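Structures follow.
The following pair of complexes shares a single chain, subunit A, combined with subunit B in the former and subunit C in the latter.
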Partner chain A sequence: MEHMWTREIFWNVGADKKIVVYCLAVIALGFFSYGIYRRYFLWRKVSRNKGRISFDALGKRVRSLIIDGLFQRRLLREYYPGLMHAFILWGFFVLFLGTLTIALQEDITSPLMGVSFLKGYFYLLYKLTLNIAGLLAMAGILMALVRRYIIRPDRLSRSAEQGVILIWILIILVTGFMLEGLRIYSLKNSWEVWSIGGWIVSEILSRLNAQDFSVLYLHKVLWWAHLIISFGFLAYIPFSRLIHLVTSPANIFINAPTSQAVLSPIVNFDASGSFGVSTVKDFTPRQIFDFDACTQCGRCQDNCPAYISEKPLSPKKVIEELKARWLETGELMKEGNGVEGKRGGENDGLLDEDVIWSCTLCMACAESCPVYISSFEKIMELRRSLVLMKSTFFPEIATFFRDVETFGDTFGRGRAFREDWAIGIDVKKISDGNQADILYWVGCQGTFHDRNNLIAGTLAQLFKAAGADFGILGKEEYCCGDPMRRIGNEYLFQKTAQRNIELLGRLNFNKIVTYCPHCFNTLKNEYPQFGAHFDVIHYTEFLRDLIRAGNLKITKNMEKRVAYHDPCYLARANDIYNVPREILKSIPGMRLVEPERAKRKTFCCGAGGGHMWMREIPGKKMNEVRVKEIMNGQPEIITTSCPYCLIMFEDGVKSLGLEGIKCLDVCEIIRDAL
Partner chain B sequence: MTMHRDVWVLLEAEDKKIKSSSVALIDEGRRLAVQLGGGLTAVFLGQTVEGMDHLVGTHGASNLYFIHDETLHQYAPELYERLLTQLLLGKKPYLVMAAATSLGSDLMPRVAAKLKAPLVSNCVEIRVGEDMKFIKPVQNGRLHATVVCKAPGTKMATVDPDVLTIAKEENQPKIAEVTEMRPDTEGDRLSIRVTGFLKADHRTIDISEAEIIVAIGRGVGSEENFKIIQEFADRIGAAIGGTRPAVDAGILPFERQIGQTGKAVSPKLIIMCGISGAMEFTKGIENARTKVAINMDRQSRVFKSVDLGIVDDLNRVIPQIIEHIDAMADEEKGQ
Partner chain C sequence: MKVIVFVKQIKYVYAQTGIDPKQNFIGPDDIVHIMNPLDELALEETLRVKEKHRDTEIVVISLGDGFAEDGLRKCLSMGADRAIHIYDADYGKLDAWMTAMVLAYSIRNQEFKLIFCGRRAIDDNGGLVGPYIAEILRIPHVSRVVKLEIDGGRSKVLVHRAVERGNREVMECTVPALFTIEKGINIPRYPTLPGILRAQKQVIQRMEIRDLELPLKSFGPALNLTETISLSNPKPKKRSGGLADATVSASDRLRLMMGGGDTETKGDSTLVEGSTDNVLSEIERVFRESGILPE
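Up next is the complex of A and B:
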């Protein structure tokens, strides 16, 4: 009985038509390849830089491809759109595998070895799987249609193309089920109930009492229609947004090992004549490929603090606009036309300056992009061009650069005042002849800001209380360089970094502990670009270890509602979000309330990317937006572990007129709990 | 080799009077001339000033070169440059000084370039020694650099007018020997001509250039109170600036924000009303000369670094100051 469970592949159409099918397939693949080839030209040739795809860290690339490509991890962080997309992807993926299986049997195993495996239990399982896949895909398409035309979220750009694609896929699926239904209706095999979708169609047909002759005729017509529509779809892929079927996974593969916490260095300031990006041609092929991998899903925009604060920046639009400039330039180049695109010219500026300066380099866009695109990386390139090539920046930034250049700190105070914060604490100084286990890197904020220097002092006192062998650089400490780098002054950054690396390399210590997450990230992740590998930890990690080891003993109860805000450069850039929570939770009585956006999904305080020294760009104040969000949990204390965030929140709490809300650093809470 | 170690000073006039900065410059020139063991000569281009020879002589210059012509009544850069260069080429003084006013700062570099002479701008002190030493602020006044001139020949300097003060000691009335010169300016084709002057309006002047500033903060409270501030600023010819909250509240436009994320100002006088003196704000007033604060809160940080602190409600103090100013003005009119 079992051998009956199979089907004739070219049933009702005739196996002699096979050759036609293969001709059509070749034509479709031809279109597909041509489309990709055309694109390839645009990917590679528009850029003046040579790019080469690297295959190092292969394990990481493949892992990301599986986790975020196949299993859609990042997409599934949002249920509705995540499931919607996953259903379509998985559905089609399985259907595609199913078609391959047929081809395997019909073209390889059957003619060459006389083996047909699509029969029996395997056939039933195969049918069931494919039917479920088809139904899932259909559900996904319907969800997409509802979302696009009924829910209409702000982040979706509306274009006819997307509607066309959805309907096209729907037609493929529906005709597929209809074909199956027609066949089942004619053959009347009861075991075909396993083909759920087809069975439903056949049931409908029997209710309608369809005529056998017309059923066969309709099947034939539909069979060809289904085939042509499907091949047409394949051919259409590289000419529409469907190209993301190719570019998105490729992009995940290409970008997987790139760390968002690190900006790429400009190598050799003496040799290259142009820094940053002033025309699309300055982007690398990899960056250009990003433009094509973008699916315009809008997740980056939804998570961008600048966009949410109504600043003139949307990371999604950044990619869209740059993509348009690139295509424009590429098309003109193809025509052999020397002219560049509308805004592709050297001096036009690819994006408005307000857009470029609105970014706080918080990395939320890159973190949320399902296909590993970093919008801020492109913004950074444009900033570099503004700063290094055109000297175009706000005058307050000019003052800032001068301060750092002259005095080595972001406050423009100078080394004479570097040790003032430590007056009365008696801290050892590490120098050529004087070593310590821990080098406490205080940072400019901890050194000079009249609120943050209290925190720097508290930290030193905690280290002392725990009996740690630590020292500071004192007058020899310099700015780490982070703000300059993220404002676009790579030159000043590298000069500063080299100076620090030279000094640190000479001294004797085992570990660096930093107060500020920005110093932490720079010393830990960016200095290695210049050959300096120090063991760097953040003070929260250090305090956690001291508490765990019993060197600091929490003795007091604190019946307080406390909200912890994750600094971008600690949580998002360095995955440190459990450590401060562990510290806070070790205090009895403390109620930790979580802001809506927390851990890796945290929301920028508003001071990153140089905004500490920049005017407020029109829109809402980012710190107020964040403070309001945090206040939803009704905390009595807002705590964080970054000097920038702390000042921003104190400012926000004051300007919102919130009475009785305290802003404290985590270490101040620990001090109070000892 | 014996050298003339003569000192020359460039004079300027305003409202048909020699500017006080110029008079002070003569005093400074005399001090240096004595140390150098040379004579002091003044040079002036422009329109006749009543009693000039007497004034210049009394302050210690024995000679005055007075170059006058219709075309010199207003500063004409190219012409001034040509005439002064010619004169100096002939006389070869040891040191030439001018006040670092807008005229001095424009003219001296032109002449220095023509003479190929070293010029140190905006000095706050000049010392005589084996080599001349010029001390001048750099990095926005946070540091002072000593510039040593080792080159032979004429040295030039402009002096910060703010450090120039007229000497207190009684001078013997003396008359300087005046050499009048009438240059031929027919052939000069001037590409730069001054067509007139606009007086700076304290209401519209850029705060980074204002000499007097009334700065407001959150403590001003409302638009209503702001009107009193405006009246006050008008009375004393002050430009209005403020803190970031004042800008955020929409009372002031961003161009008037002082501080770390706004502008740095360097007025001679700043009066801070309802400002707490946060670091981000004080970063912008590091170069202000005299600082006055009006704040209700005795503990306020703003009082840490002011020359005069008034602890009171600004809505009480300011109307009283206005009244006082008006009374003084009436008195003056009455006289």
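Up next is the complex of A and C:
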């Protein structure tokens, strides 16, 4: 009986109808290609810039495409929506491969070589696989319908299109199973139980005692309906949000190797040039492609500290609004009209300024995006335009820029006071004739802030206790440039960076150890853009090495509940989250409590992106939101390894009236445990 | 309409970390070169005039050594049209009168409507150069201007002048005239990047003092009318310290120390106590009653 295990491909319809099917397929593919072609115009032509998609780091791109695209790694970080989407994707992926297999047999192997391989055990396996795939996809669709219309999470925007798409897919799947069921019912082969879905339908039909004639008739009608609906679906892809079937994987491929921790530099400072983005046309084609890869899943919004703190910013809306401007502008350009969309005019910003200034550049949006879209990158471009072209920003930012220009530090205190934090510690200074193994980069916060300079001192004392050969720049140290760059003053940043690179290149040292994660990220990841490659480590890594090597011996017990907060620029930007935990765990008796958002998912303290020097944008206080979240674990000590975070938490603890909660830097805990 | 702005690049002493008492403990790291902030306000006010009267040409002039060029460059980046640097290698030795002579003679033959400068330079706090220039040029001047309006015919200027205790004097003045600008008049802009880049390429016209045809046979610090003998820090104010008396609570002692001692509040002043919100609303009430804030 084994040879019987197969099916006639055009059963009940007639193989002579093949030509009609292929005509329909050509029409559907025609619509599909036309849609993509139209889109291609919008992707490439709206931008004034000639961007090329680079193909370096090909391995990484392909790897991300497989892991994040096919295996849905980033989506599956959230179970319900992740599985929901993965079921649909995997289901359809397998069904698509199944259809290709049939086409392979019917159009190539069978007519050319006379080989039909869809029979026997292979056919049964094939049927089982496809049925499971179809059922998975159906489960995914039902989950999606439940989520969209019953659970209704805040982050999903409502539009009829999404409902239409879901129902459409559901109809394709249901008619598919019904067709199979009708065929099984009329052929009555017991081995077709392997086609689970079809078998269930045929069982229902036999309960209903359906008439053979009407079954055959219904099958014929449904067969054509299924075909037309499926081809219609293919044609609909480029005209709906389904275009993400094309754009999202492409975007993963394009953006996967881009480091979020590094902002793109402005390379040519030309007086007649335009800097940043003031109209949609200023975006690069790659950035515009981002808009089209977005499916408005809302993960960025769920993870955005500004949105959670009820500030006017939602990273999802940023992309949504810019996408609308882009499409509007593109359509106008197609009509041969040079003008831009409603809000795209030169004098009318693309986004409200409050939205642009609410961002703390914490990178949570880019981290959470399943398809590597960076919302903050777009905000950064708009900031650059505001700062460099229009010079419109809060007056306190102007003061801040002046302070850095005049005094070389973010506090406007001046180089005369640069060494004051080290009074009484006796630290060596690295200069032209004086070298050391480690250059200890203190940073403006460690140098000037009344709380953080104590930590800078503690660190120096720990280094001394461990016998490290280290020195500081002293009065020659200068702001690293991070806040200026992240506020949008790329020019001032590059001037600062060049000054520092010139100085550091002249001196003799092996490694730079920084106190502040922002300096760390800038020196390590951003200075290479200007040809300076230094060996930079964060002090937590250095302390870990010293403890491992036995140069620092932890002797005391600390029976304390400690919550460690991950600074964005350490955990998210540089993947350093296990190191500080390892240090803290090396202290006997210490109980580490993890905040809900930890490691790469950490939450901004509220001071990033220049907000240390900016007024509070209306909404909740971000530091209080975070402190409350950390306090859910009921720690006695909140610890972190970033000067900004520490100040923000000390303020938050005070303003929330939490008594007895201490905010300490990791190195202070180490000092107490020695 | 040509408008002249005189700016001064000053050595701003922000710290005294030196060791030499003869230098007033001012070390080499304690000085930064900045543009006199009040001159920056004067330039900003001119730029605002230009926004209203598009045909305005702004000429900035600075007397000084090499550093003066940095200040002029900044003025250009903010939006000034032309810059003139009157070079003085011995910068800092001329007194207010001689400085005013040089500056006045640099524009004596030019057609200008308005002259602006800061009310004083924050290094020597003289406040004399502006009025002297007006005197030499025989034009009217108004000092400490905090608000300025030019009438439609451009023949008169209406100015508000700061006088003591927050009072204002409203004056009208014919042009050409000189105005010295007091702080509070505006918030100076931060230059745009195209502005900065443009200014880097612009040529700063350089003049020597000897080219100015001063009505003097010789020239130099020897002709100064005044001479600075010495500079010193203010003597620390005497304050009655905190009470050692243990009967006073710690918070009271702290308040006494911060308030400058155990002194009674003067005359009809009011002491406001309580939470921050209370204090603020009380201050607001007092301000409204006294007419500082509108009712």
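Heads up, the rule we're going with is that the second predicted complex is superposed on the first by the 672 of 674 C-alpha atoms of A that agree within 3 Å, B and C clash if a C-alpha of one lies under 4 Å from a C-alpha of the other, contacts with A are read in each partner's own complex, and residues count from 1 in each chain.
What we mean here is this: a residue touches a chain if its C-beta (ideal position, glycine included) is under 8 Å from a C-beta of that chain, and two chains touch if they have at least 3 such contacts.
Keep in mind it's a predicted model, so treat the numbers as computed, not measured.
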{"item": "Simultaneous placement of subunit C and subunit B on subunit A, clash or fit", "value": "clash"}
{"item": "Touched partner set for A:Ser655, first subunit B, second subunit C, both or neither", "value": "first"}
{"item": "First, second, both or neither for A:Lys475, with subunit B first and subunit C second", "value": "second"}
{"item": "Partner chain in contact with A:Ala416 - subunit B first, subunit C second, else both or neither", "value": "second"}
{"item": "Touched partner set for A:Thr406, first subunit B, second subunit C, both or neither", "value": "both"}
{"item": "Touched partner set for A:Arg152, first subunit B, second subunit C, both or neither", "value": "neither"}
{"item": "Subunit B versus subunit C as contact partner of A:Arg44, first or second or both or neither", "value": "neither"}
{"item": "Which superposed partner A:Asp270 touches (first subunit B, second subunit C, both, neither)", "value": "second"}
{"item": "First (subunit B), second (subunit C), both or neither touched by A:Pro395", "value": "both"}
{"item": "Which of subunit B and subunit C A:Lys621 touches, first, second, both or neither", "value": "first"}
{"item": "More subunit A residues in contact [subunit B versus subunit C]", "value": "C"}
{"item": "Subunit A residues contacted in one complex by subunit B, in the other by subunit C", "value": "395, 402, 406-407, 414"}
{"item": "Subunit B to subunit A touching residues, read off their complex", "value": "139-140, 142-143, 244-245, 248, 254, 257, 260-264, 279, 283"}
{"item": "Complex contact set, residues of subunit A against subunit B", "value": "395-396, 399, 402, 406-407, 411-412, 414, 449-450, 612-616, 621, 655"}
{"item": "Of all residues in subunit A, those that touch subunit C in their complex", "value": "269-273, 275, 388-391, 393, 395, 397-398, 401-402, 406-407, 414-417, 475, 491"}
{"item": "Touch list for subunit C against partner subunit A, complex", "value": "14-15, 17, 27, 29-30, 32, 34, 187-198, 200-201"}
